[in-house]
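Next come two complexes, and both contain chain A; in the first it sits with chain B, in the second with chain C.
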Partner chain A sequence: MSFITSANFLWRPAAILRHAVLIVTGALILAPFVWMVSLSIRPPGEIFRASFTFWPAQFYGVENYTKALTQAPLPRSMGNGLIVCSLILALQILVCAPCAYALAKLRFPGRDLLFGMVLIGLLLPHQVLSLPLFILGYQLGILNTYAALVFPYVVSPFGIFLFRQFFKTIPDDVIHAARLDGLSELTIVWKIMMPMALPAILAFSIFSVVGHWNDLFWPLIAVQDRSLMPPPLGIMAFMNEEAGNDYGPLMAASTLVVLPLLVAFLAAQRWFVEGLTRGGIK
Partner chain B sequence: MASVLLDSINKNYGQTSVLRGVSLSIADGEFLTLLGPSGCGKSTLLRILAGLEMQDAGTVSIGERVVDGLRPKRRDVAMVFQSYALYPHLTIASNMALPLRMRQLSALQRLPLLGGLLPGTERIVAEIETEVTRTATLLGIGHLLSRKPGQLSGGQRQRVAVGRAMVRHPAVFLMDEPLSNLDATLRVQMRAEIKELHQRLGVTFVYVTHDQAEAMTLSDRVAVMLDGELLQVAPPQDIYADPDDRRVAEFIGSPKINMLEGVVRERGLIDVAGSTLPIEADALAGAHLTLGIRPEAFHLADHGGQGALTGSVRMIEHMGSDLFVHLDLAGIDHPLIARLLAERTPDIAPGQTLHVGVRPDRVLLFARDGQRLLFARDGQRLRREVESAGASITPIRELAR
Partner chain C sequence: MSEPLALSSGSEAPSATDGARTLPSLTASLRRSRTLTEALTAWTLAGPAVFFLLVLFFLPVIGVFVIALTDWQFGARTLSFVGLANFREAFADGGFRTSLFNTVIYVLIVVPGTLVLGLVIALLIESGKSCRPFYRAIHFLPFMATMTAMAIAWEALLHPTIGLVNQTLAAIGLPTANWLRDENTALPVLAVIGIWQNLGYAMILFLAGLKSIPKDLYDAADVDGADLWLDRLCTVTLPMLGPVSMFVVIVVALRAFECFDTVKVLTQGGPGHASEVLLYTLYRESFEYLRTGYGAAIAVVFLAIVVTLTLVQTRVMDRKVHYQ
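The block that comes next holds the complex of A and B.
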């Protein structure tokens, strides 16, 4: 398509409408974030002003961010988030990849039934399971440890589903070739399927990390110890105890918590979209 | 080196029967081609041979050893796939080295960093590298070793796939339509190279194709497959000139063999398409037969009558030294195709009436059920009485035994 026709194409009424809808939804989603960032650089007095400008009259960012970083154990909770999210992700991939491979490429009785159960698992909201999981954690005696934060998420139906869909697009011939070359089934998973499914793994990683970095519900149940709290719980504790109505530092803390995710997503954006939309590898 | 024996292999996918009683014996060092139309089960048979798929019944032996239940890597076979099936994330060198690494290095030695420190690893890795480089140079892809498959042309990928199979020195080479993704020129070139490879390696080749030209030029023997059954296994020239079955005759040869319905008038004469041909049919008068006549079995005749067919020219295809003349015969809905020598054929125009003579010894006779009738083997003519139409006819294969 030439540049001129594509420019015309943009100005067609349908295209204008489409873009308008996209811009409005984008703005709706973005607005709270913009506000959060804006609040995080305001002095207390300006926060409840009726008039809204993005840039405050008095720049108070340094004070707010210093307060967020020093008065609350924010670095500690972000460190916790890092540990918990990486543990969850590593274990998820370790478990999901072989499962997905079996569901996508091996033939055995009951396979479709098992896949059906994965789909059911996909439908269940995690909150439904929190009580049984809490009791299980109690029985295992792992409540209030890192293990408590990790164990409910190790088997991810979503991961199994996503990997399976991607593995299905990898031609059987490649697996046959690998078998003839002498690779065992597990070696095929790690040495052939995983590298070929890299976009799907990246997409899944982002989902997983974002989900568990931001998770509040389960950590609230599973840990009491402040030194174990992941970021959102840390912020909540901060809000209750130190900040009170001091929203500036609170918003600064929130911004800091979201920042790593934002950076990671922007860095991996290309693969993320590819992993969710692309068919297979030619 | 190994012979291959398939004994009454059956394979079903759910309700559909894909292979039915396939038995085949392949000699050590032979080049055997499985030829058949798309979907007839060629790849399935090859996968069963390789151990990638289990047969429902029957046995597979490779080199006198029954290999049923043996995993693919234990069967000492290598396969070249139609899609090449290269590993897209590995370089060409790693693609080709992988089968050797898996065989010659232990699991510990294959570990990324630690493996290199173990005794012996370095030497084996160097050996593998030498072997890969040697094979790649032989195939003319030595300069591509550091590239990824995505950066190669189709022909180059094909060579890598062959190279990956070759480095292992397997006893049996399996090739599943390795040339079908190449353009015509490259296909002819690679065909010659595969032939050369077979002669140099001297190992057993089982080659799958649906391209007759490939089958005819490459093979020691061709196995014609249709709907999951082996119809005939014979050297290429026999498959063409002496087919056992009507379906084989129709599948082989381009343009297709002409099939004409005929009725035996009396011994030595068959009525066909409004004419009478002097063909020894050894069938009772009144028997219905099908005559298979290859286009090149015709020659131009001066006049109609006994021994010649007469029709009006529908179309003429000039092929250089030959002409393909399409003739409409009375009472036959599809045109007859005759291949005539261009220099001996006067100018003919569509619509013109033309007489073509038939060499009686080139006519193939088929019974109603498609079995070949009355053919000479070892100079001895098999005699058989064919009653009238619908009479039961002993299959030729049983007679030939």
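The block that comes next holds the complex of A and C.
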């Protein structure tokens, strides 16, 4: 009752105020995106002329985006990002899922110790490990290769943790039934547990792919070759080369790098929020 | 759990042939071999993960501590143990102290800014029914956008002559600045970008927190005469958001301590050392100057800060669980 009356009473001014404030904050949040896209379709002459218009007098998008795609070389960087992210994700699932299953469903000596190791792994920020990992990569002779970009992330403590939590919610009866059918433990992991854990896999995949697509720190250390650079490193190299003066193509390149994740996010918002917030919580 | 099944299937076959005397020992040894098999299976399944955890996490951490005690420079053939000299040098060195100080300032701007804005936006979104997903999506965008690319966009936005920020300020008659090249503004501007990036994340956490407040608490507050929106906010909403807020503070602080991309792209720690932060110093000393031992010492300091914060976070989370 009181809810309805107060809602009626407050509807107009309060609701208008709510929209007004949220539209202003939303516009401020979007400003860098909008400005980026706006500059990416302007000719050089219009970039250096003060103006507040989003749409340029002369549409220069084709030239800028062509330049970003051919000179940056952006397709190569984005391909690298795709290769590296998929390799990392595939290896992480391959390594983490069986371990998580053992932790969730099997009883064995050392289980608590192993889980303790996973929790300590969760605690360690990757940047701290970068020096020894760099030396390890150097000793293995894999620096400046795809392997260098991938190897530090082969195992993800967060992946093990998340999968374990999810596997624990799957009833033991399912596993007993599978064992009676003569399935091996490994088959149970891949054929029974993984299909049931799809939500956890999806959340983890988004967490992993977003993290590694956006990562600048480790690629900066691990590779020097232009042909191996993932997107963030690629656009940084492009920026330094162009000395930051040729804004049009640079903004076009930035737009193209940000675009895949933004589109994916808008298509699957709920999963992104789930994956990324759980990731931070660890 | 699996015992009854295993017992019955294991005990039927021998009981038909042997007498009752051998049965207990047989099932006992059967069970023993079953636990042995289970342990073996478990360690085989976990094997790869254990191997990589040791090689990629535990050995490197030990490595960082050991290297931090040496004067090793990457590529040098010799090294000697110098005890805590690297740490002494770090804390005596003006550069590192500035970096640590800058990082703390950065965190002290980003955390309250993100907390307050995230909370206000979450409250506003939750206070009405319309356009909720729309507003939520917009405010969450920066959190997942590639920061390197967005830093480049921010650079254009903050450009002294053609940037939208200075154009706007000039148009309304306010003073402009060369934001990223001025000692006084570089770090605060980076912090504003940090808030821009993280407030959507705080908002999501607060929205989840708001959803979990039981409705009857508001009814009780109504009965107690707290029928104004502000009363309800102060008596119910904010106190109930306490644990979430604490959590947001720590998670955002952790993210702020790990600030690197914007500094690398926008200021390279400059002008002077005005925007040099911990992770950037770590990167520069370790991988540009190749002062490996010194870089490792900085890594240890960084690790200490992050681990402390994370442990506080776990304590807070534990208390939150008890509280519910």
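The working rule: the second predicted complex is superposed on the first by the 208 of 282 C-alpha atoms of A that agree within 3 Å, B and C clash if a C-alpha of one lies under 4 Å from a C-alpha of the other, contacts with A are read in each partner's own complex, and residues count from 1 in each chain.
Note that in this section contacts are C-beta pairs under 8 Å (C-beta built on N, C-alpha and C of every residue); 3 or more make two chains touch, one makes a residue touch a chain.
All of these numbers come straight from a predicted model, not from anything done at the bench.
Colleague: A:Glu185 contacts which: chain B (first), chain C (second), both, neither?
Modeller: Touch status of A:Glu185: second partner only.
Colleague: Using the superposition on chain A described above, determine whether A:Pro152 touches chain B (first), chain C (second), both, or neither.
Modeller: After superposition on chain A, A:Pro152 lies in contact with chain C alone.
Colleague: Regarding the shared-chain residue A:Met196, is it in contact with chain B (first), chain C (second), both, or neither?
Modeller: first
Colleague: With the two structures laid over each other on chain A, which partner does A:Ile29 touch: chain B (first), chain C (second), both, or neither?
Modeller: A:Ile29: touches chain C, not chain B.
Colleague: Just checking: does A:Val174 make contact with chain B only, chain C only, both, or neither of them? Give me first, second, both or neither.
Modeller: Touch partner of A:Val174: chain B, not chain C.
Colleague: Taking the superposition as given, does A:Pro13 touch the first partner, chain B, the second, chain C, both, or neither?
Modeller: The answer is neither, since A:Pro13 touches no partner chain.
Colleague: Per the overlay, which chain contacts more chain A residues, chain B or chain C?
Modeller: Between chain B and chain C, C touches the greater number of residues in chain A.
Colleague: With the touch criterion stated at the top, can you tell me which chain A residues are shared between the chain B interface and the chain C interface?
Modeller: On chain A, the overlap between the chain B and chain C contacts is residues 176, 179-180, 281.
Colleague: Quick one: in the complex, what on chain A touches chain B?
Modeller: 171, 173-174, 176-183, 187, 192, 195-196, 198, 281-282
Colleague: Per the contact definition, I'd like the list of chain A residues that touch chain C in the complex.
Modeller: Residue positions touching the partner: 2, 6, 10, 14-15, 18-19, 21-22, 25-26, 28-33, 35-36, 39, 47-50, 52, 94-96, 98-99, 101-103, 106-111, 114, 117-118, 120-121, 123-125, 127-136, 151-152, 154-155, 157, 160, 172, 176, 179-180, 185-186, 189, 210, 213-214, 216-217, 220-221, 231-233, 235-236, 239, 244, 247, 250-251, 253-255, 257-258, 261-262, 265-266, 269, 272-273, 276-277, 280-281.
Colleague: In the complex of these two chains, what residues of chain C are touching chain A?
Modeller: 1-2, 5, 35, 38-39, 41-43, 45-46, 48-50, 52-53, 55-61, 63-64, 67, 74, 117, 121, 124-125, 127-128, 130-131, 133, 135-150, 152-157, 161-162, 164, 167-168, 171, 196, 199-201, 204-205, 208, 222, 227, 229, 247, 251, 255, 258, 260-261, 264-265, 279, 282-283, 286-287, 292, 295-296, 299-300, 302-303, 306-307, 310-311
Colleague: Taking the complex as given, what residues does chain B use to touch chain A?
Modeller: Residue list for chain B touching chain A: 47, 50, 52, 71-73, 77-79, 81-89, 98-99, 102-103, 150, 164.
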